[in-house]
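Next, two complexes with subunit A in common: one pairs it with subunit B, the other with subunit C.
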Partner chain A sequence: MAAATDAFVVLARVRAGEADAARAAIAERWERPPRSPFAAAGGTHLARLQVLKPPGRGSRECVLLAADVDAPLAAWLERMRAVAATALDAVLGHCAFYPGASDPAAFRRWVAANRLPVGFSVIGSPDATLADVGAALALRDELGAFAERTQRMSAAELHTTWREWRDA
Partner chain B sequence: MTALEVDDIQGNVLRGYGFPFARYVLARVRDGRADAARGWLASQADPVTTEAGWSTKPLHARNVAVSYAGLEAVGVPGWLASTFPDEFRAGMAARAERLGDAGAGAPERWDDGLRRGDIHVLVSIGGATEAAVAAEAERVEAEMADGGLEPGVVQAAAQPSDSREHFGFTDGFGQPAIAGVARHGVPGQGVPIRRRPWHRFRADVVPSRADRRLGWRALRPGEFVLGYADEDGGPPPAPAPPLHRNGTFMVWRKLRQDVAGFRRFVADAAVETGLDPSLVGAKVVGRWQDGSPLVLRPDYGDARLGNDRQRVNDFAYAGDSAGLRCPRGAHIRRANPRDALRAGGGKLTARHRILRRGMPYGPPLPHGAEDDGVDRGLVFVSFQASIERQFEIVQARWLNDGDAFGLARTADPLAGAVGEHGARLRLGGRPPRYATAMHAFVVPRGGEYLFVPGIAGLRAFATL
Partner chain C sequence: MAPTPLTVLTPVPLWWSLWVRFTWLAAAVTGGLVQKRLRGLSFIHFAHWSLVARWPRDPAVSADEAAPRTLVFLTNFDGSDIQYIDAFVRVVPDQIEALYGGARGFPGPFRFRPVAKYIADHSHAVDHFYAAHPDATTTAVAQALELRRRFDDFERRMAGADDATFAREWEQFLTAAQDLV
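Now for the complex of A and B:
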């Protein structure tokens, strides 16, 4: 059975002198909107976007884009590109050789060229898509409400109510 | 370990004063009076009380903090202001979504004088008598008026003699132990660690009295004061000199408590579950009203234990991972999970501790009384090296959300952001009992993020 989730990391070098602009774009386009572009894309379990100086790369600053997402990864990337092209361009546009999000094939090639192998990844629910997680949370809420509603019932009443609830 | 420069750290941060009365004088910088206000801030280097011990406890003590809006208003240069952390620069109101400050607690509904931009400078006054703090507050207001500041709200607070907050629970005695601070030798205040034979040679490790395998290591001071090693090994991020050392960040928050609502919730839940009301309340809080913790006394309150400072915090949650003694969603278990986090345990908890110095305000609601509409609650005050990593994680990730504890998105019914579906708490028992709070019993009425400079930092305002 194919895995429900996938993880990926992109580490792309920022052009000299543009790191602060990339940081500002993250703050402006990714942190402040009421809904994060990561959420808008759907299927995002966890994601990070930041400018940093990776150890061993001297003073070079890079953009880190890392995410745990619903599989397949290619579909998630395409959704991201489609719904967040402007926000992606505002940040990744400061990276070397970034072609822009308007050309899907060039965008995919750039991601592939800057992708790092994921050495170790812990995903909270590796066998569940985001929709599965949402459904499980909803079921948990319903079960909790049922348990609270029935907590003073006799065993017979509880049995009857459970069957009614289950069959509803 | 670097010795703490107690003469340069403002008082009440590492060690609480223990005064029973307080006044918080809030002020704004008058337009065009930035220079005078900067001078006033610098002049406070002398009257503020420091962490240095005193031979005779004074009648009152004064401390000063300034918000980011205040730094801007007094004309702190941009190169220095820009080195403060983002959450401090944004201010509390701008962090409302993260903090869950919505509905009745949304910033636009905060009290006059406690809204965004209203608090530039905050002077905290603690004192032995109400008259002493009132007189000192009047002096401060007069000095402020001469110093380019316009005093606004003056918030009074008082600690009842039994140390109980308005819901009836003893409060304020669970504080982090800090290495190098004299009072750290109390079991249960630091980081829970597995006890080793050589720990008896370490001054910062206190053995548990309840569990011979357990010890408590004091937290490193950099978790609370800038310029010292923190739990991650290095000094925490700090603003640029001259404000880089011996300062701390303060969260000041006025929280209204719906006492009648909380009592009604407990009484209704007791009827619904068949449990004793005192047990329902204890399950919500994680302690009995007398302070004894549920983990140690799951079936009955124990006032002797509650009053024994050597034992009242000497517990961990490892032996109660299912929450059968103390619910996993109980307030104190969320606010300080000790070793209960599924990943990281005590080490992770240690990165998210806060020093609480709050005090109740308003008159108590007599037992059995209906809601009288009187404003009462808690003036919440916390000190930490990072507001985002410490206060905001506790409030947003632990009290407002239950994911860290395997409780999905359930909020703390006592102090969390209770959403439209309410906050359900599993009270334990076989079969398990549940109670759901349908609205928040603690509602923010305003506040701000502030910076508490060191004494040298205060003096430096004269030359900024």
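Now for the complex of A and C:
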């Protein structure tokens, strides 16, 4: 069975002298808003964005964008490009040869050129989409509440209350 | 509590990068046995390892000769990084050795403090982190998914059941699933 999630990792070099501006853009466009642009794309389980310096003296800083998302990855990437274009451009615009998110084909080519393949993964719940996880967590809460409020009911009352809950 | 993100970049020599690729191939051939053991730690949401042979990867950009081959480790987990590293050192030292044994300066996988210092020295601050369900631990997610699977089965079986049968089966279901609710 194909995994329900895909891993996405992009590592792109920041243009000389623009690392602090990229960090400031992350703070302004990704950290400050009440809702992360990652949430807007839908299907994002976990994601991170950071500016980092590769090991090695004198090496140049890079932007790392990584996410664990519902498969297929291409669909998520297109949603991300469409709904978070401004936020993406604000950060990735400091990276070498970034074409901007307004041109879908150029954006995809740039991502492909800078994408880092994942060699080995461990995934907590590999068969679950974000919707599966959300539905399961919601059901757990509803089920707990139902069990609590139906304690000491007669069989007929319990069954009627169950039908009302499930038909609601 | 939201999961903790960790980004660790470890420089590795060429020969070790080849070995690491071989271990990944071997792990793939074993059909997920290695992953199963690591998943058994039950606090890993996602963990990924990648190798960077050339910084940056984009061939349109001139290569960064100062940056060495690097093992990239990205993970999100429940709890603190101290608990995470401690569990790795105690439970899967062999896997750590297989991945990091030849990494530059790696102190060996068997003692917590040197490993924790090594990771601290090679980790990079995450500027922005997002979790769709920040309050759900890995265990909570796994239990909720299992509960849903059992519940779907229960609901199917109860279609058309009379009151007495439903009440009896409901009690049995709740008793069996009480640790998951």
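As a working rule, the second predicted complex is superposed on the first by the 142 of 168 C-alpha atoms of A that agree within 3 Å, B and C clash if a C-alpha of one lies under 4 Å from a C-alpha of the other, contacts with A are read in each partner's own complex, and residues count from 1 in each chain.
The working rule: a contact is a pair of C-beta atoms (placed from the backbone, for glycine too) under 8 Å apart; a residue touches a chain by one contact, two chains touch by 3 or more.
Since the structure is predicted, the reported quantities are computational estimates derived from the model, not experimental observations.
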{"item": "Clash or fit (per the criteria above) of subunit B with subunit C on subunit A", "value": "clash"}
{"item": "Dominant contact partner of subunit A by residue count, subunit C or subunit B", "value": "C"}
{"item": "First, second, both or neither for A:137, with subunit B first and subunit C second", "value": "both"}
{"item": "Partner chain(s) touched by A:166 [first = subunit B, second = subunit C, both, neither]", "value": "second"}
{"item": "First, second, both or neither for A:152, with subunit B first and subunit C second", "value": "first"}
{"item": "Subunit B versus subunit C as contact partner of A:17, first or second or both or neither", "value": "neither"}
{"item": "Touching partner for A:96 - first (subunit B), second (subunit C), both, neither", "value": "second"}
{"item": "Subunit B and subunit C contact sites that coincide on subunit A, given as residue numbers", "value": "27, 137, 140, 144, 147"}
{"item": "Subunit C residues within the subunit A interface of the complex", "value": "3, 5, 7, 9-11, 20-21, 23-24, 27, 34-35, 38-39, 42, 44-52, 55-61, 64, 66-68, 70, 72, 74, 76, 122, 124-133, 136, 138, 140-145, 147-148, 151, 155, 163-164, 166-167, 170, 174, 180-181"}
{"item": "Of subunit A, residues touching subunit B in the complex", "value": "27, 34, 137, 140-141, 144-145, 147-148, 151-152"}
{"item": "Subunit C partner contacts - residues on subunit A that touch it in the complex", "value": "5, 7, 9, 11-13, 23, 26-27, 30-31, 36, 38-39, 44-60, 62, 64, 66, 68, 96-97, 110, 113-125, 128, 130, 132-137, 139-140, 143-144, 147, 154-156, 158-159, 162, 166"}
{"item": "Touching residues (chain side subunit B, partner subunit A) in the complex", "value": "86, 97, 272-274, 408-409, 421, 424, 426, 431-436"}
